[in-house]
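Have a look at these structures, which come just after this line.
Each of the next two complexes has chain A plus one other chain: chain B in the first, chain C in the second.
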Partner chain A sequence: MSSNLPILLFFVPFVTAVALPILTAKRRSWCAPLAIGAVSLMIVLSIANLRLVMSQGSIEYALGGWAVPLGIAWLDDPLAAVMVLAVSAVSLLSLIYGRAVAAARFDNSMPYYTLVLLLIAGLVGIVFAADLFNVFVFLEVSAISAYALVGAAGGSAAVYAFRYLLLGSLGATLYLLGVGHLYVATGTLNMADLATRIPELITSTAIVAGFIYIFLGLSIKMALIPLHGWLPDAYASAPRAVTPLLASTVTKVALVAWVRIEYSLIAPGVEVGHVPVLVLLEELGVIAALVGGSLALIQTDLKRMFAYGGIGHVGLILIGVSLGNPTGFAGGVFYLVNDAVMQLSLFMIAGAVAHYYGARTLDELRSLRQRSPWLTGALVVVAVGMVGLPPTGGFFGKWNIVLGALEAEHYLAAFAVVASTLLTLAYFVRILTNWFHQPAMPDAAPVELARPVYVSLGIVSVAMIVLGLLSDSIFEFLLRTGGGI
Partner chain B sequence: MVDVLQALVQRPNFVVFVILFLWGVYIMAAHPNLVKKLIGLYIVQTSAIFFLVAFSAKDGATVPIIFTDSATVDAAVYANPLPHVLTVTAIVVQVATLGVSLALVSAIYRKFGSLDEDEVLERVE
Partner chain C sequence: MIHPHDSAIVRTLGRIVIPVAQLFGFYVLIFGQHGPGGGFVGGVVLAASMILAILIFGVDANDSQLAQKVLHGDGVGLLIFAGVGGLCLIGGGQFLNYSSLAIPGLDEASRHYAGIMLTQIGVAADVAVTGVSIAISLSMEDGEVAAEEVSHG
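On to the complex of A and B.
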């Protein structure tokens, strides 16, 4: 039983997604309880899985009992265990929150819950897969659900979803080409196998081309600048109920796929034609962090500002994992988990503000006179987390990335982290000055938030601080991810 | 120069792959019509599948079912099944993507009454 946890974690959302249309054909009110029940079960399983990995270390899971290299391998290592727990928790909160703010036609809508569950199943698959082609399949399972969810609102959302689909599919095709190149050169798709064969072939054109294709493909999926074009419009126009889930998981899990590939296949210090690969990736991260932060600063729409903030943070994480030392790696991955939680909180706030006050832009925030204390509190906590002040997890992640950069003597990277922190501070100052612009009306009762909304906002805010308090043990745990460094 | 030409002539499959890929990307980028963009995407995806099939082609090889009982198996006689499996899976993914994309296109057409990207974007903004 316990050794089958990875596949169970995948099957719970997947089977529920497939069964949902049948089970709820005559009882539409079963949709939400079934979906929420399935995701709650995932949380229980992923906690059990986390405990298992903590006590036994990484587990290699051979699908169908076919041993590697003939079969398909899943790897249940600390990175996967932490990410699966994060994905399940984030999904549960956004499902609960989604019920409260969704448009009426999403209420107990079978397609909505089916797509969300399929998305979650795809994400779990990406996190566990230790086989390049398996990653491709799950990337597409999650991406197809994400396109449909973004376009679900119809109208302009469908236009941006279509653009997302074109770019996302192009990214997937590039990734597939890269996988083909690596397969031609090495004859295997298993990451552990590739790791033993690639070092001696790293200068071969096929391998280099393969890595470039894979990186380009995943860059589109993780919205790394300059391939981020689809993200802000898609997230700004997607339905309120799904944006928190998409923003906090889809790009982050694509990044996890890249982290796994980079971490196990590209050894630190490898040079191709005198170009140090990891340093190149790190510089791309520096560009993304700085440009993303600057673009966020000039936005006037709340959701778009948060979307660009997330794009900048993808750069920060890429810097962390590309430093080539354990401190930076742990910092980057820890920040990744944190960023998932923070993006969830940001888009839940943006959605709630739009739902209860009808405000989308900073100017509309200026005129608010009845501020909900829950929203104010959540906004302040997430601002502290995004800027990176202790005791939130954001601080410890960034701190370790900076320490790792100093350890590797990459001062540009350290500078970029600090500069992006200042940019984040700048745009949160903009938001908060607009938020507190008008004095609160003394006698008017504040707008009452629905209970699911404030409960999930509260849990997310607490989670950010708890992650910060537990950061030391999480770092230590993440460093037990076996492999290159 | 001669080396490059020779390399190209010896690898017609890969030349076709490159042409298909670039052609598809060009259509995706240049055509304002949404359905034509989809056709471009389809050509790009097909080029990737063509690439997988091209490198796995093997002269005189047969299906990978082992006929003999003897312990030694001559791998040269059999085609490599793995790229073909990848191809089938990639086609399935492609079909699913195509379904979602056509649904989105028809939603856009119903709402805006046009398939021209410029017109649609004008009406969105």
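On to the complex of A and C.
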């Protein structure tokens, strides 16, 4: 059975999502336990999967028994194994956290849990898919759930969700158009098969146009500057319970899809009309990292500030994976996993601050006198992680991206990473000075956080440091992702 | 809101056409093994027959009962599909590898036949339910939609 782990990892959230309306029609209170149980099972399966990939290397899974390239293939490689574990863990924490801070109408709400589980199923599908069209299908499965979840808060959130829907659909359409180009030019959709045919066709207009469409489509999905417009408003207005999950997974997994396409199909050093493709992508990452960090610095709303911070980090990751050397690649992918965890923590903090103190902006933070020690601790740890100081995973990710940039002698990229670190430091200084602005009231007891909230905040903070401590072995593991460099 | 049609001709014709359309839907679904047709098309024809009932007799009429009941079957089709895939996994093959469909007493050819048939039935059920639920949502007035959403949580 062990070879069926990828499909089981997809199956558990998917079947639970589909069966949830039937199982809970009469017993509303079963929603949360069933969903949390399903995601816990996913964690167990993804740990088993990780161990399997560690011992046996990448596994190709042919759906329906149709051999590649005729059938649809899923690839269970180190990148997928690590990402699936990250997605499952992040989902479990945000479900547990969501129960404590959600508005009352989300309590035992069947549509909410069904949508979250469908979102997770779609994300798992994207991570495993080794077939361009399959990626499209799962992008849509996860995106449709994400639109609905953003709009679930009602009011202005519905407007932002609709804008997200329009732009997201545009992204999906562009992606599909690109896939069509590649299919017509090569006659295959399987990535491994494409990888053997594309090098000799790389100068063909159809292939180049196809790649541009695919990249544009996925750029909207991963909110790469300047195509990030949907993200800040959508995340700032989405329900508190779902923002951490959306922020930490949706854009990151779209980026994983691009990493997989770029890594297997675009060889380092390829030039199209004297433009080195990877360097171009790297420069786009440089722009995103610098502009994203600067935009975060001028925000006054906490959630929007974190959203722009995440947008900047997408640029950093793109720099890392486009350097064309293993150090940068491992650094970028490792930073991607780390960023998922950090975004989870950031939006959990922002949600908890809004829930317990009613504070959304930096000015409102200034007047806080009863600071919860858990929130303060989590904020400090995540600040250390975002800025990238040694014990956390953020440091090792950025360090490797910088080392990779120096190795490739791309000094602009190295400068961008350092500059974006300084920008991150600047906006965290802004947050922390506002956070500690008023002296604490000595006699008043701090606000008590609900147990699920502080437990999940604690776990996330520890996870950031554990990722840092394990960084070496994770790098080594990620470098075993086959093919390419 | 869709109001029932009070023309005797439309109502009488509807009573004749709807069962025939349903029968044809099943035929298309099963015939899909041997020629044009299959789950999706069969499901669309089935949905069309139920939508016709809603248009002629109104959403709340006795004659539209099937359409109303079917609404609760969201996801049953997907579960059938997933169930077939799961049985293939239990039989030791890959997902949807019909050769290892774990239904005892079938040779390999019949396993393929049963597997394809069942997944097609799943597809048809889902398409039909989706079609009917779109028609019913569109036939609601604003206030009613809100009430529906509240009752669903």
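Note that the second predicted complex is superposed on the first by the 485 of 485 C-alpha atoms of A that agree within 3 Å, B and C clash if a C-alpha of one lies under 4 Å from a C-alpha of the other, contacts with A are read in each partner's own complex, and residues count from 1 in each chain.
The rule is simple: a residue touches a chain if its C-beta (ideal position, glycine included) is under 8 Å from a C-beta of that chain, and two chains touch if they have at least 3 such contacts.
Keep in mind that this is a model prediction, so the values were computed, not measured.
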Under the stated touch criterion, which partner chain does A:Tyr183 make contact with: chain B (first), chain C (second), both, or neither? first
Which holds for A:Phe133: it touches chain B only (first), chain C only (second), both, or neither? first
Would you sort A:Arg451 into first (chain B), second (chain C), both or neither based on which partner it touches? neither
By the touch definition at the top of the document, which applies to A:Arg51: first (chain B), second (chain C), both, or neither? neither
With the two structures laid over each other on chain A, which partner does A:Ala19 touch: chain B (first), chain C (second), both, or neither? second
May I ask you to decide whether A:Gly64 touches chain B, chain C, both, or neither, giving the answer as first, second, both or neither? second
Touch check for A:Ile144: first (chain B), second (chain C), both, or neither? first
Once chain A of both complexes is superposed, is A:Ser109 in touch with chain B (first), chain C (second), both, or neither? second
Does the superposition put A:Phe162 against chain B (first), chain C (second), both, or neither? first
Identify the residues of chain A that lie in both the chain B contact region and the chain C contact region. none
Chain B residues within the chain A interface of the complex: 25, 28, 34, 37-38, 41, 44-45, 48, 51-52, 55, 82-83, 86, 89-90, 93, 96-97, 100-101, 103-105, 107-108, 111-112, 120-121, 124
Enumerate the contact residues on chain A facing chain B in the complex. 133, 136-137, 140, 144, 147-148, 151, 154-156, 158-159, 161-162, 165-166, 169-170, 172-173, 176-177, 179-180, 183-184, 189
Report the residues of chain C in contact with chain A in the complex, numbered from low to high. 72, 74-76, 78-79, 82, 85-86, 89, 93-100, 152-153
In their complex, what parts of chain A are in touch with chain C? 1, 4, 7-8, 11, 14-15, 18-19, 21-22, 25, 28, 61-65, 105, 108-112
